[in-house]
Structure formats: structure tokens, C-alpha cells
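Letters A, B, C and D name the chains as they come in the text, with residue numbers starting at 1 for each one.
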């Protein structure tokens, strides 16, 4: 039997759950888990249902559309691994962790390719028989560089782009193409230390806890919807370099956690926030 | 408008959510939040719904009963503060924290009385104009002592008993009278260090993290359903006394957290486990 | 036998520990614990030694001065409770927690008085037989208000001022008078959400973890040296109000932790950072 | 210039730090960091000093021996990477994480070989050009199996054995040969759930936090000195399988943390506890 995830978002009103579950009941589907949330501020209703059964997708969607507000967001997703492209620069810890999870099949994703502006992570990537594309940013404009990256991305038609310490800013064009489908790991506890060199700034500020933040990428650097965050304690004895070293474990763990949530279709984006059914 | 919590537990089968929410819809009730869980192991369905509206309680319950399995557990609770009795021995940190929360009304509970086998916490308790009952355990049998305690408890008819570092074992009689309504805080990360002197034993074992566990009390010491747990790191430089000191903050925080969950009717007991909708 | 803490800070050079411990050895003192740290960036040496014995303070200090760089910071402190004044506005959780710890003697501090710009916390404070001074800020200039506060503070000559959710900004005069002796609790994970309404802004940003920061107060709002920080996870289901409620436990715990470190003379300030021997 | 770590453990008495640092001063060594601890219970003194300089090892050790109690433990270690052998069974997450850290040189260890009682992790190991030895336990006695393992271990003469989810019990012989040099990761928060199937038991007990423990191996299963522990929250919605899955990240992080501490010579064993200078 196939497993599906049904995602619904619409203006809240009475009776939504009753109507939606009624249609699932009529189709004789077996609900595995169910979550709802009403965001008061926007009067929005969110629902995620995981169920198994045999369905004709369009028929189910049509039935749902008939009982939901006209502008409702309805998505019915057959559960299978998501295709991702990982983008990285020079650091190996996040990429390496994702490759390991890809290898051990502990995340519902398949890494189709790695793209980097350096050639440094090729050996590591190819150990796992994953395509590696080295697209240097040197000697070309930002626009040219991204055009080349984009061409490679398009070839794979991935579900998500995962920026695993990719130290370049993406253009609005690519961001729009992959709206809410680009996941970045930022090495600070956002919104603290937005931008460059967060560990140096954390050290300079004398903080006692550092962190990492996985978020969707939008047009404003490090300001997209946050998916997951993690922290670890530090002390005066940590140099900026020690913090960066210690932070690596949080970065990779938080990125993997966020990717799992996204790949399992547990994350809605509402404005600049995420609603997460975990 | 009044707020209610509806708790339902029954054998799982298709269509339950649809039917239950249908009845709430028919009664024109406004669902504030909703949670469901199916425990696969026991094929049990659990649902907690918070809603507001004007209802006739018995009519709603009857309607629900008509669509649910015969043996379904159905509880409809008008949301208001719960009456509790706090039992303590000599340590003031948990009791003091609860008295402060009672005073600032930050928990949905009213402390009706404190019962202790010492007179030591009287001054603290009476600062907050809460009745204090000193029932010494000296010169009387365990049975006699508990009979006296029980008589006082009965006078207040509390919703819950909260053992805030009460260092005596309750009899099966009292435990049965308050089934799943006695909350204890144990000063270890259960099931590690069940029983007496957990900090001494944590020290002797050389653990690097210590914790506290809030649980319902049943006939087996420290083995009732766990509601909440918390931890803090320690090191070789902590003596057993340092651990006990450091542990106090976790104990009081975990106890307050558990009490909040229980008093907001968010906790189901299923066998020896809790299902918590938070 | 008396217990002392010796604090030394000076430019680093070889042989410092040897010379310092030599003098302690000559005076036949019993070292209880010892910590050193060299801050590479500034080439500064920091040492905290806790010892017991009978000494003539000035003689020991003179001996130390003879072997240390001329500009060395040397402080020899007989261990006893520190006098503090707590300043608060309307919220009771931090003040209440400090009063409880004062009552149970679980922190090495004595609360000599509470000063507030509202009369609201009087009843709570006076339960614990602590002086309460209500100094309204209404109908008087900022300068006048602080002059009145200052006059009261001076009367008690406290070791430290503790701002337990005191919602007013202190003047540079008072800050200079109590340099590195004013401890504030800020209800965010600094440097995120400096300034007003951090929970509202945390909610608006959609963060998944919130925190609290205890720091020394200097002339720049929320930018003084950080002493301690703590965090708790939140989710999309937390409103700003829920975050504020959940944050209270972190605020009070972090403030108490910072106060303990400071009152036990474990904290050095170096530039805008703290060096902590715990 | 070479970096050394000096480890000293002996009965405590006055003047030890003075004398030890005096000898380092006489040899004109540059102390990088320094830590001392006195275990009251056993009246034992522990000191770890990291310094750089040019020394003749035996001369320095002799000088130290002259001022220390006769039975003092003195170890002077030139800082370089430690050779380790990783032993594993079928799970790849801990081994994979160690291989990644070996590859990125983020831990001061070199994995000389992997030994497993299955052939399953060969492909992964050999990606990293690390020797893989498959020693099946089938068709041979426990004694024979370990003899074969032991022969391979001896060939590499490693500094440490790391049990990365090695699901077999070692014999006292091997344990004695590598006293306090075998590091195991146990998938529970010890001493909770000693022995087999900790996640199943954690699930059955309904705990709200699970953990992992890295410890030295001694003759009693899961009872050796604890080096590091870590935890993550779980809820009723985690099956035993979900717990095992979620626990993997803690297991690998805690194991890597413990290995780092050990490989940097930061860990003393005192009785059944560790004293850690981090």
C-alpha cells in the first residue's frame, strides 16, 4: 500500500477537520497521523495528514476542493525519497554528514549531485558515487557563475537545493525558481550574527552559547523562514576558532534535522515563519 | 464564553475524528486546538480537543457516546483552576516555587493546603496564606500517620496531590483513591537511581548529567507513568552535595512543567506511559 | 578557619603561577581550588584561588604585589554573603525566585532591599521581611527619579545591584558608581533582540529557540559583559505571550546562576567579556 | 616547537602546584594551559599542564619525580595524533562519523583499521582507504573469535580501541591489555538501561528523554568510568524504532566528544570515575 501526505492550508472556519476527514473516510483511507494548527494572527488553518491506501489522486483532490475555501492550498504527495542537490564551498562536515546519511539511507533523500565553487570536495563526494560539479566563481561575473550553476541544477530537476555551507549569495532568480525549496545552514543562532563571520563576532561579543540555524532562503540574507535551530554552550576559553570547531557538530545536526522535516513534508511556510508538524 | 477540554480514548478505528468533530460542528462549537494520537502497540486512539462555546455537558457527552465504541473513555472538563494539596518534608525549593506560582497565578492551580511530616515549612507556607498541616510521623505507625494525612486530604477534596519532595511512601489505599492524580518529583533521571539517595549514587557512578523526573505515583516506587524529565550537566568537580544543590533548579522546573500539563488536562495515562498533548 | 578568594589579573609572563602559589605556600595556606586562564588576544593572565587559613590580609597582598607586575589587579576577599539590592518593576518571577533563595539561604547573598517604580511587589517582598522602596517615576524627571533611587541605594551600601526585570535604563552616573557590579537579566538570547519587546520580536521572526541573558550593565543597553545564558525550545504554536510565559523559568534560572557566580567571586571582566572560574 | 601534555596524579599535599610549576619554570617552558583538581574523597591531586618548549623528556620527569610523592603518576606526552582501531558490528552511523572526522582531520586520531564481525561495513571503510578486517564470530568459540581479533589489534599496536556500536562483549584479557584505553558508546543514558536493547526498554518505560554514554570498558558490562553523556527529548509519539533513529545523532556526537577528550590527554581515571580537564 502507498503512503501519502496531504497538506492543506486555508482560511480557518468551523467544520474544516470534520469535512476533510469525512472525505478521507469516504475514500476508505487509513489515517496514520494527523495534525492541525490554527494561526490566530492570520486566521489560517493548517493540516497535515499521513495516510495509506489506494487512491486516484485527482479524484481525492477534487473532492477536497469541493468542501474547502476556493483559495485553499491542497497538496497530495506520494511518499518517496526527495531528490536534492547539495551546494557547498570548502568545508566538508555538513556535506560529509549528508553523504553518510544518503549512504545509510537514514534520510528520505537522494543526493543527485554536489555543486561547489571549489574542487576540494570532489574526492569526498565521488567516494559515494555522487556527481560532482566544480563551477569556479573566478574570472566570471556573479551572473555568469550562477547561470552555469543553474544550468546544472536544471539538468537534475531536484526537489530541493541544500546549501551545506555554501558561502555565496544566490540571485533572486534562482531563489524564486526554488521558492521555499532552498535550505541553508547558517552558523549562528539567528537573528544573532546575521551575515559574515558569525563565530568571530560571537567570540568578540563574549556569548556563552553558540548555535546554528537552518532556514529557507529568501531574498534577504539569513532572513528566510527558520526551520530548526540548535545550540551548545561555550566559555571564555573558546577562541573563535574553537567555537567554529565546536559549532560544526551543531551545524550538521541542525541541517540534517531540517532536511528530514522538509523531506517528510512536515513543514508549511506561512509568511516568514514555518509551521512544523513533527 | 466558557472553554472546555474534551478527552477521548478508545480503540482505534476509521472515521473517529470525522465523527467526533462532526458532533462538535453540530453543536456549533469553536475548536481552539486539537490533537490526536494512535498508539499502534495497543491500537488505541487518543484525542484532546479544546473548544469554546455554550453547551449542555450531558447532551454533548451523550452524542459522543452514540458514535464511539461502547468502552470509550470520554471526559469533558470545563477549564478552571485545579485544587491541589502539596505534600512536602523538609526541603523548601519545590514547595517555594509552587507557592510563588500560586501567588503569581502563573499555573492553573490553587494550593488549598500543604501537609508535611515536619513543622519546618510552616512559616514559608503561611506567608502565602495557605493552610499548613503538620502531621508528624513520629510515635505512630505508618498506617496511623497516613490515616491522619488522609483525613486532612479528604477535607479539601483536591483534584491532585503534589509530592514536592515528600520523603515518605504512600500506601496503596491513598494511591488508589487518587489514581493518576498524585504527581511526584523524583530527584533523578528515572529509571536511573530509583529509590533513596539518587545524588549520592549519581556521584558514586560518576555520571556527567543529572536529572529529575515528574511522574504519577503508583504502587511501585518511582515506577509510575513519567510526565516530564529534565537534565543538567555536571562534572567531576561536583560533590554529591553540589549535585543536590544544582539539581534543585531542575527538580522545581520539571515539577512545575508536569503540573502545568496535568492541570491543563493535557495528559493521558496509557498503561505505564503518558500521552501528552502540548 | 576562614575561607578566602584571591583574584589576580595581570599581563602574562612565565612563572606567575609558581610565584603566586609559592607565596601561598610560605603562608601555609590550604588551597581549596585553583584556576588559571591566559587570554591570548590580550596576553592577560587571570587566576582565582580559593583557600582557607589564617592570614593578615595586607601582608599577603604585599607579598603578592612584590612578585607581580606593577599594574597587577589583586583582590583578596574573605568569603561571606554579599549584600544586594534588587530592583524590579512589575513582574514577580525573578524577584520571587531571588526572595525564595534568600529565604532558603541557597545563594551567598542577602537581599537588603527591593526598589521598584511600582508598589505592586511590596506585598511579596515584605512577606520575606525585606525592605521595600517604592519610587514612582511618574511626575518626575529621569534624573530626579534616579537621584531618589540612588539615595536609597547609598543608604544600604550594597555590594551588587540586581536588576530583576527592572524596565528602566540607568544613568551613566549610577553605572559608573557600580561598575561591573550591576547584574541585569535580559529576556532574550543576546545579541539577538537587544532592547524592547524581545518576545514579540522572537515571535515575529519565527525562532525555534528562545533564551535569556544575564550580563553586567554598562553604558550601552544590553551590551555589557555576558555572565550566563540559557535557552528553551519553542514552536509555531507558541504565541508571543506563550513565549514570554515559557521564558520566565529561563530568566529566573539564568539570573540566579549569574548571581551565584558573581557572589562567589568567580567572574572577571576583561574588556567586554567575562572570564568565569566555575 | 613541540607541544607536550604533562599529567600528574598523586596524594594531595601543600605546595604541589608551586613545586611542579617551579620545575616547568626552571626548564623555561611556556605553559599553554593548566588545570588542577583535588578529589576530596580520596585526597588525590590531579594536574594537567599543556606546554610548549624543547625538553629532554627523562630529565624533566626525573626533576618532577624528585619533588613528588614516591607513588606519583607522572606522564609526559608529546602531542601528536593517536592511533586507534575502530570496532563495529553492523550499524554505520558511528563508524561513518569517525571516518569523516578522520578524513577531515577534525579529531587528533588516525584510524589505522576497522574490525568487524560482519563484512557489511567494508565498502564504507575502504572508501576512506582504511584497512578493514572481517572476523566472523560464527562457527568459532568466543575465545577463538577474540584471539583472532586480538592478533589483528596487536599488529597495529594502537593507542586506543574504539567500540563504535560493537555488539559483542570483550574478554577480561583484552580489557586488561587495554586498561582505560577502550572507549565504548552505549546507547542509553547510563546507568539507566544497562545491557541489551536500551531503546526498547526506554520505550517500554515511557521516558521523555533518551541519551547515550561514552565510557571506558572494564570487566562489568556498561559499568566502566563515564567520559561523556548526551541526551535528546522524545515523546509518546516515538516508537522504539524512532528512538533508535533519533538516538543515532547523540551516539555519534557523544562518542566523538569522548574520543576528542581522550586523544587530547584530558581524561584521568580515578576509581570508577573520570576527572576531565576541558
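Assume a residue touches a chain if its C-beta (ideal position, glycine included) is under 8 Å from a C-beta of that chain, and two chains touch if they have at least 3 such contacts.
Because the structure is a prediction, the values reported are computed rather than measured.
Each of A-B and A-C has its own count of C-beta contacts, and the greater count is at A-C. Among the remaining chains, C is positioned farthest from subunit A, on the basis of C-alpha centroids.
The distance from the centre of subunit A to the centre of subunit B, with each centre set as the mean of the Cα atoms, comes to 37 Å.
Our note on geometry: subunit A versus subunit C, Cα centroid distance of 40 Å, whole angstroms. Residue positions of subunit A touching 2 or more other chains: 33, 37, 237. Those residues of subunit A that touch subunit C in the complex are listed here as 37, 39-40, 189-193, 204-209, 211, 225-231, 235-237, 239, 270, 272-276.
Looking at the complex, you find that subunit A touches subunit D at residues 33, 92-93, 96-97, 100, 103-104, 106, 124, 127-128, 237, 245, 248-249, 253, 256.
Subunit C makes touch with subunit D in their complex at residues 14-15, 17-18, 21-22, 24-25, 28, 30-38.
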